[in-house]
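The first chain written gets the first letter, and so on, giving A, B, C and D; residue counts start at 1 in each chain.
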Amino acid sequence: MGIEYLILLLLVFMLFALLIAVEARDLLSSVISVGAGGFALSVIFLLLGAPDLALTQVVVEVVALVLLIRLVVTRHDTTAETPRDALRTGVVLLAGGVLLVGVFVAVGGTGAAGTVPRLGEPVMATADLAAGQTTPGQPVAARYLARAGEETGAANAVMAVLLDYRAYDTLGEATVIFVSILGAYAVLRRIGRRGRKEATI
Amino acid sequence: MGIAIYVLAFSVLLVGLYAVVAKKNVIKVIVGVLILDYAVNLVLVLVGYRTGGQAPILENGQSGAELAARAVDPLPQAMVLTSIVIGLGLTAMMVAMAIRLYEKYGTFDMNRIRSLRG
Amino acid sequence: MASIVPLMVGLPLGVAFAVVAMAHAKPLKRLTGLVAVLAVLLNFAIALALLGADVPRIFLGGWGPDPARTLGIEVLCDGLTKMMAVTINAVALVSLLFAGAYMRRFTKVWLFQALFLLMTGAMNGVVLAGDLFNLFVFLEIAAIASYALVAFGCESEELEAAFRYLVLGTIGSAFILLGVTVLYSVTGQLNMAAVAGKLAAIGPGPAVLLAAAALIGGLALKAAMVPFHAWLPDAHPSAPAPISAMLSGVLIKASGVYAIARLIFNVFGPTPQYAAILIVLGAASMVIGMLMAMGQWDLKRLLAYSSISQAGYIILAFGVAAEVLSRATPDRAVAGLCLFGGLFHLLNHAAFKSLLFLASGSIEQQVGTRQLKEMGGLTRRMKVTAFCCRIGALSIAGVPPFNGFFSKLIILLGLAMAQQYVLCAIAAAVAVGTLLMYVRVQRYVLEGPPGDRVARAGEAPALMCLALVVLTIVCIAAGLAIVPLREHLLGPARDVLLNATNALSMGAMP
Amino acid sequence: MTSGMTPIVKNTARLVSGFIAIFGIYVALTGHISPGGGFAGGVILAAAAVLIVLAFGRQTAEKMITESGCHLYDAAGAAGFLLVAVFGYLAGGFFVNFLARHGVGTAGRFWSGGTIILSNLFILVKVAAGLAGAFLALAAFRRAHMPDGHPGEES
């Protein structure tokens, strides 16, 4: 139970940091606050039993922060002048209320059928590993955990899932980063069309 | 307890949504996209959490069945790893676009960008 | 046969990596375009070869299923997937040929070729995906490639349109992933067939509804259905013409319409609620897209708004089919007719909308404008382009005997037979409006005395004309060859949707 | 950013970046037995490159890390990972773990997991090269307004 309170505390911290990031007038403080939120998230990942994610989140956060801080500090326009769009804020608040009510109903906390299971009791825990051919629809994750070591030879079940059972997804993942970097190159060409002067306002 | 954590995670999602939709500054919008990513990743990991669960890595001498009875769900973690990568790729691309937009218009303010365009 | 199916994704991705490497080696640099065309051609050949084949279920990585659980990622190869794959690769091939001449004005064309191949490969991945998370990953690749391609010209408006497209697309993706998460938390599965089976067992609950809402919302954003359409009229016209053709012709269908249909019919199973959502989205898109298009004077913007309207037809037809299927005593013949009309319109729209966007690219390059008022008299100066443009406009306007007429007629018939008379009347009214709109386009673009700019223009390069002529032939042939099309392409695709939640687990096990 | 930062920063960066790079490679290569993996390792390796670019300035850094080199390694890493998938046809199909057919080794030992080490290695190369290249390209756009007469893009 103790860990859950810690997570709750970190989440509250994270929410505040992110609210500051969204509302701060100064763009640099906004970017740094979102970094603080990201680091809190990586600690939460660690507490939730996901060291792979914690490590990845930290290093990604560092690189993303470097990119963003560089973007902001080397430009002159450093404050957000116009705060918000009233109509859109209203729409978001309305949608948000509906979403939160939906979540409350869907999660429920009762663990009844047709709702999201209670925190700490993942659907995987209902798996019957010995279930053979007769009971279809067993959650796959328990099977990954039980047999990953012998079937793939990887002690780290996350890597076994990522690079063996579901390696095709990881091909997609590698391609995503390839695409977005190519996309960044494409956008950064100074001249897109031949015979046209670079126009700046 | 559990529901409070879920509600907070979805509040983070709302903060991100609010920043992306209602804010009129390129940097704020990028920040909003990052926050949206955080929130979805967090929900995904929460879904696979088991109370007091161990990380899904075999310890010395541990059998698979023991791991299956104690560890958290590895599948959402693999999904989140992919999702984090997608987020980083998107960030790089958004930064590139923000640089070009600033270069063209001299501002990060979307309203001024629009009015400059006429 | 089954083993080559994943190559439809692997080949374009691999060639895209190779194109990037080749661009940095002097002697190979000139060959990138040729290699890209060959890759797409080969992909099209694979898609055609698979049409007749009866393929068992495919699980990647050798992780075959036992009935209790599905370990590996499944790749689908049923009728619907085959039809989408043929459409995607055909439009990609023609657009890439067109780009061979059109993209000469742009710098660093190899980047364009690599991104184009990655987008095509990812779209193939989307229609092949038999796994919810895999679907999301390939949706993301296709979307990110399209963000970059919209901004490929690097002009101010293009960058701004691409940024807005990126931001809205990201919201859509976040909701799609959220939907997948909630579904996983309830079922413990990611495989679509397994999720469908599990959902049928546990019945509808609040969590399932939340997942469905998130997924439909996110995918409707990708498909630019009306409350979520804000990005499309900026993004599609900003892209280079071959990319506009790809985006309007196949991307919004593969990553929006197809994914919605696949999930609603084959995973969630059609219910009255989902049907109502689809009908509202479809009807609203149809009407509002058409009305917005009427007021446009920019040719590409007009075409973009018209894409929203035409995609609305498809979604409306699917929605009515879902409604019919969810009745107490479903009339499968009527539902089948609606589905057939929707799928046929999807195919036809891919043909004529990419034709019109490519033609607008030719005109823009030769005449130097996109404004309707500055054109006119194109029939005298650019005979081939004008002829193709005329056929395309007649097709989309629904004039017999072209393909658009037949698909709209079938949809109207289906709506009438499903006793949805109001929807049928709306659809008919929109069809008339579309007809009037494209009559106006023809009058301004093709007829009348040539304007100053047009008088100086010449015919477009041969490669561009070739691409237009190919699509024109498709437009004419699809209207005439409706019976063989139904036999080999559309019929199997319709059956997949008709079989609802049973469709995915019906294939033979490997 | 022509001159880079002060000598203290440069010396520290020179020292530290090597350690960071080694740590990145370590994280990638032991991904199958401990937390980490090719992606995290690749980002760490790229962070070493970012450090060098930041400390020494773009001009100096480009002598060590060139943009076209990054493109090449980026493409090679991605293609390598795809090749791992295609080599699976030797063992039965796309993405079959072809090294694991003759036993996968004991879980927990370094030599285990078949193609997982190989995949991690390729992803490391891909991600590191890609991110480093992207950072170089982004760093080129430091000044908002470029002086006139800058060299045009080669096609």
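Basically, a residue touches a chain if its C-beta (ideal position, glycine included) is under 8 Å from a C-beta of that chain, and two chains touch if they have at least 3 such contacts.
On a predicted model such as this, the values are computed, not experimentally measured, just so you know.
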Exercise. Return the chain pair with more inter-chain C-beta contacts, choosing between B-D and A-C.
Key: A-C
Self-check item: Between chain B and chain D, centroid-to-centroid distance (C-alpha), Å
Solution: 22
Quiz prompt | Distance between the centres, which are taken as Cα means, of chain C and chain A, whole angstrom | solution = 29
Self-check item: Rounded Å distance between chain A and chain D, as computed from the means of their C-alpha atoms
Solution: 22
Practice problem: Take the average of all CA coordinates in chain A, do the same for chain B, and state the distance between these two points in whole angstrom. | Solution: 3
Self-check item: Per-residue multi-chain contacts in chain A, two or more chains
Solution: 51-52, 56, 60, 63, 67, 71, 75, 103, 107-108, 116, 122, 124, 127, 140-141, 143-144, 148-150, 155-156, 158, 160, 162, 164, 166-173, 175-181, 183-185, 187-191, 194, 199-201
Practice problem: Could you list the positions in chain D whose residues touch two or more of the other chains? | Solution: 33-35, 37, 39, 43, 74-75, 78, 82, 85, 94-95, 97, 107-108, 131, 134, 137-138, 141, 144-146, 153, 155
Practice problem: For chain B, write out the residues touching at least two other chains, lowest number first. | Solution: 13, 16-17, 21, 47, 55, 57-58, 75, 79, 81-82, 85-86, 88-90, 92-93, 95-100, 102-106
Quiz item: Are the chains arranged, by touching, as a line, ring, star, complete graph, or other?
Solution: complete
Quiz item: Hey, which residues of chain D end up touching chain C in the complex?
Solution: 68, 71-72, 74-76, 78-79, 82, 85-86, 88-89, 91-97, 153, 155
Quiz item: How about chain A: which of its residues touch chain D in the complex?
Solution: 51-52, 54-56, 59-60, 62-63, 66-67, 70-71, 74-76, 148-156, 158-160, 162-164, 167-168, 170-171, 173-175, 177-178, 181, 184-185, 188-191, 194, 198, 200
Quiz prompt | Contacting residues of chain C [partner chain B, same complex] | solution = 133, 137, 140, 144, 147-148, 151, 154, 156-157, 159-160, 162-163, 166-167, 170-171, 173-174, 177-178, 181, 184-185, 190
Self-check item: For the chain B and chain C complex, residues of the former touching the latter
Solution: 13, 16-17, 20-21, 26, 29, 33, 36-37, 39-40, 43-44, 47, 75-76, 79, 82-83, 86, 89-90, 93-94, 97-98, 100-101, 104-105, 113-114, 117
Quiz prompt | Complex contacts: residues of chain A adjacent to chain C | solution = 102-103, 105-108, 112-117, 122-124, 126-127, 131-141, 143-144, 164-169, 171-173, 175-176, 178-180, 182-187, 189-195, 199, 201
